[in-house]
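Each structure below appears as structure tokens.
Shared between the two complexes below is subunit A, which pairs with subunit B and subunit C, respectively.
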Partner chain A sequence: MNRADQRAVLLRFLESIRKPDRPLNDLSDDDHLIQSGLIDSLAVLEIVAFLEQEFGVDFAEGGIDPSRLATINRILDLVAQQRA
Partner chain B sequence: MRLAAVWRWHDDPRLVAFAATPVGRIVLWLAAVLLAAPEYRTWVAVVLPVVLARPARRNDCLALAALGVLYVRLGPTDLMAASPVRLAVMPAVLGLLYVVYLAVRRFRELPPAVRRSPLAALHVSMLGTLAVIMLVGRRLEANPGHPLLPVVLALETLVPFLLWRASYLVLSGRRGSVRTTRFRDHLGYLLPVWGGSQVPYGKGHDYLAERSVESAAALASVRLSGLKLLALAWVWTGGLVVFNAATRGIPAPGLEWLAELSPGIPSLRAAVSAGSSIPWLERWCAVGAGFLADILWLASWGHAIIGVLRLLGFRVFRNTYKPLLAPSVVEFWNRYYFYFKELLVEFFFYPTYLATSRLTPRVRIFLAVMASAALGNLYFHLVRDFDEFFLAGPDLLVSRLSGRMTYSLLLGLGVYVSMIREQGRRGHPAPAPGLSTSLRQWRARIGVWLFFATLHVWNVGFLHLTWGERWRFCLALIGL
Partner chain C sequence: MLLGAATGPITEPLTGRRWEPDEVRRQVLHRAAGLRAGGIRQGNRVLIGYGNCLEFFADLLALWTVGACAIPLDARLTPFEIETLSRAARARAYIGLGDVDADLTRKLEALGTTVMLSDAIGAEPIDPALPVPPYRLDDDALILFTSGTTGNPKGVVHTHRSLRARWFSLRGHLGLEKYRRTLCLLPTHFGHGLICNALFPWLSGQELFILPPFTPDAVMRLGEILDQQRITFMSSVPSVWRLALKTARPPSAGTLQRVFVGSAPLSAHLWRDIQRWSGTRDVANAYGITETGSWVAGTTVGEFEPEDGLIGVPWGAVAAITREGTADAPPGVGEPCGAGDVGFVWLNTPALMKGYLDRDDLTAQCVTAGWFLTGDLGLLDDRGWLYLRGRVRDEINKGGAKVYPADIEAVTEQFAGVNDLCCFAVDDPHYGQNVGLVLVMTDPTPARLRGLYAWLQAHLAEHQMPVKWFLTDNLPRTSRGKISRDRIAEVCKGLSPLDLRAVLGGAP
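Then we have the complex of A and B:
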């Protein structure tokens, strides 16, 4: 799966957890997911569970760093780094 | 639209451009000194001009100021009363912090047991140090003139103050971000000029580095927003004085007339103590007034701190952000006391969630919520009020502990139920705007107020109220 495919999968997931009044279309890949109001800080957990299951990302060693899950690009960077 | 523009005056391009000029920075500094809360005024007066002039050296400046913060925290607040003992203890405290820094810098070389639970290792060692300090303190109290006694007593408050800040340093080590930093990059938040309680406002290095603003225009904008928060802190402080005069009849200069008109609602602590001996309506008024006063106080206190942080060039979240508009319990928890919630989330919620990966998502969330909102919350208060819990005798220990445990348990359950309900709502289209939607939103908000206002009964006056008094008061609220 290349980065574009991963992005498409990630966007589908974010669509399922976004707040009702915050459309995903308005968001760029570098926009802050929490600051933009798309998700709340506790929904970060759902992103963690999704990355564990979908991409096999292992958070056990470094723990969860919310700043690395802050934007679509940073999440894709994290996935790429874990797979490298 | 016009009102929104006025409210966001700190984003006005002309003002931002002016604030970036040398004259603008001087005006900003003078305004900040004027508006800063009295306890931070000296630091703002001394540190801010240097940071304004050399923003690139901000960390160095904050590290230097941290030495002053340490000196002040190590003893009597009279800065002029130079004490050789305090000066001698300073290197010891800095040395201990440096050891923690060196250890987390070589995180991968630490023993496996420490690597697996670095925060537990830190807490055991720091609380062990605290226990030794307290033992020494009790012995020295027999000799009140002993020159070491004030320093030992100061260390008793300094160690818990440093505990959660050092925890953020350990977190940076675990994430690996500490490897590219210097010790002085961490001193600024370990011993911050923006003060605060045992809750680290602005968290640690990682968060501050991420929220650090660099460009001249962005710096001017964030500084102006800091100024706005300092002004808002005074507004809420004044609001609290007026509120207390209007509801409880507490006189304040110029407000004696308002206090005389007040219905004289008792404080929540007094109301809980009085139990069913006061009328039902008065009990509820005490609950509501106690809840609102608490929010006003927290907003005022948090804005005064976050305002300073923003003036220093960190675009950090507010500590309290419109909590009364929160549509759910979990959202209120997020908005009411942001940095305490973040502490619980980062040190209890995430680790528990990761440690339970073999369980179902819902069970993982339940355990993580209970570990943070309930257990973490309880642990934080046990450490913070260690002497009040453990040195007061077994009867008071049980009474205080049971009240705090009930509060933590109820909060955890409330947050969990709210999270599950929020999960169910996500991904669906927003309801169409209209009267029924608006009514539903307000009903939800009122439900949230009721939950936290009644929960506050378990949080107030922990030194004085018993578990039984609180239960009787809660039952009396519903007429039982």
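Then we have the complex of A and C:
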């Protein structure tokens, strides 16, 4: 799966957890997911579970640097690094 | 209000800002002078519209220094809700940090509530003639609003005496040694975070580290913060732990000596996970109620195995269990439960609130002969250990933050086309519970639903917003015509919730 495919999968997931009144298409790939109001702060947990399940990202070892989950682009960078 | 000769130092780990005790004292004196210059006098009630930073604690102590009563608010409240609370408290002033919303300023000024800025009052020259704090022990010190932000506010009034009773009893039962370096990541507008997690150690001269409340970025860095700041004690709520256990690396420095978890049910499973992650077996379930000055019992019982519902022993209180849950049958009058029998939990403590602000009716429903009817169901076993088995209080516990269905209903029922409704708790994998809403509406078109959503957004803080909406033709009622929230929650499990994303993003 290339980055564009990964992005499409990620966007489908974000669509399922976004706040009802915050459309995903208002967001750029560099906008902060929580600060923009797209998701609730605890929805980060759902992103973590999604990345573990969908892309096999392993957070168990070193915990999570929250800045790496802040935007769509940073999440895709994290996935790419884990898969490298 | 200090319990020792001085406060401890206070630090914001995320910004690196830190005030030593001398600087705390200087800040308090500046602000006390600023408050007096702004007309604040003994007995005035003053809202504090922000929290969880150095300035908040200085403003709080400054208010007590001039003899005023502090009312810390949830910074997430809407202008409508703050206006409601200010009206109920007849607040003399509101202290904001940074810019204060123009709409809020208009609303407050129309009520005669002066808007003050923390930075401005902190810039006032110290008044060398500032009198010794003029309050008496039975003067009001703190009002914490626990519900009614949209209609009939319920404000818990604590006096200087009841607060001191809580702090001194905690010192007697818990000591100070493990609280040398205390971390607070709980909101400072509710009892658990303010009275116990923050003020109990800090006013006794221990060092306080204050974080913004429930900030995922900070929680994900929790292990790192604990190590960097060599934290010895922290308290939190189960939902924060669920996030931390999943996302934060454990601490490695071994400084953490005690952890409290409170404000929501703690399962034995999560309890053991916290023990493993934190590296200490001294993880206690702390039972606290705002009305009793928060922490009133906990698992300081020596060796124990975590159990669902286990609380432990009272701190500065006597607990009793009776078969009746009405104020006319307190312990000594009502039939007591035997060891191991579930009944209504009562507490007798000198830290009990003075009462609910201007709501003698509510106070009379739960306070009698010195006893407080908690609204919890529980038991005392043959060792005298307290266990909780459920609640009879009408509230939704969203990750430790209490949401009151009546607050949501009071706003929702004002919207045209809403004929009947009920707000209730829905299960939530992260928060434990969240807010559900079932509606009987005339012509519930997408446009009307969008209008209702916007109406609720304008009047409710974000954490109060219903996340699952249901439509139905009628609500089930008891034979007496009453609504049972539990029954409605069960019925709604068989209904499909509205797809709010489609409704809000769709065509009219």
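Throughout what follows, the second predicted complex is superposed on the first by the 84 of 84 C-alpha atoms of A that agree within 3 Å, B and C clash if a C-alpha of one lies under 4 Å from a C-alpha of the other, contacts with A are read in each partner's own complex, and residues count from 1 in each chain.
What we mean here is this: a contact is a pair of C-beta atoms (placed from the backbone, for glycine too) under 8 Å apart; a residue touches a chain by one contact, two chains touch by 3 or more.
As the structure is a computational prediction, the values presented were derived from the model and not from experiment.
Contacts of A:21 after superposition on the shared chain: both subunit B and subunit C are touched. Touch counts on subunit A: comparing subunit C and subunit B, the chain ahead is B. According to the touch criterion, the shared surface of subunit A, contacted by subunit B in one complex and subunit C in the other, consists of residues 15, 18, 20-21, 41-42, 45-46, 48, 59, 62-67. By the touch criterion stated above, subunit B contacts subunit A in their complex at residues 171, 174-176, 206-207, 210, 330-331, 334, 342, 345-346, 349-351, 353-354, 357, 361, 364-365, 368, 419, 422-423, 425-431.
Within the complex formed with subunit A, the residues of subunit C that make contact are 214-217, 220-221, 223, 239, 242-243, 246-249, 399, 430-431, 453, 457, 500-501, 503-505. Here subunit A touches subunit C in the complex through residues 15, 18, 20-21, 23, 34, 41-42, 44-46, 48, 59, 62-67, going by the rule given at the top.
Interface of subunit A with subunit B (complex): residues 15-21, 40-43, 45-46, 48-49, 52, 59-60, 62-67, 70.
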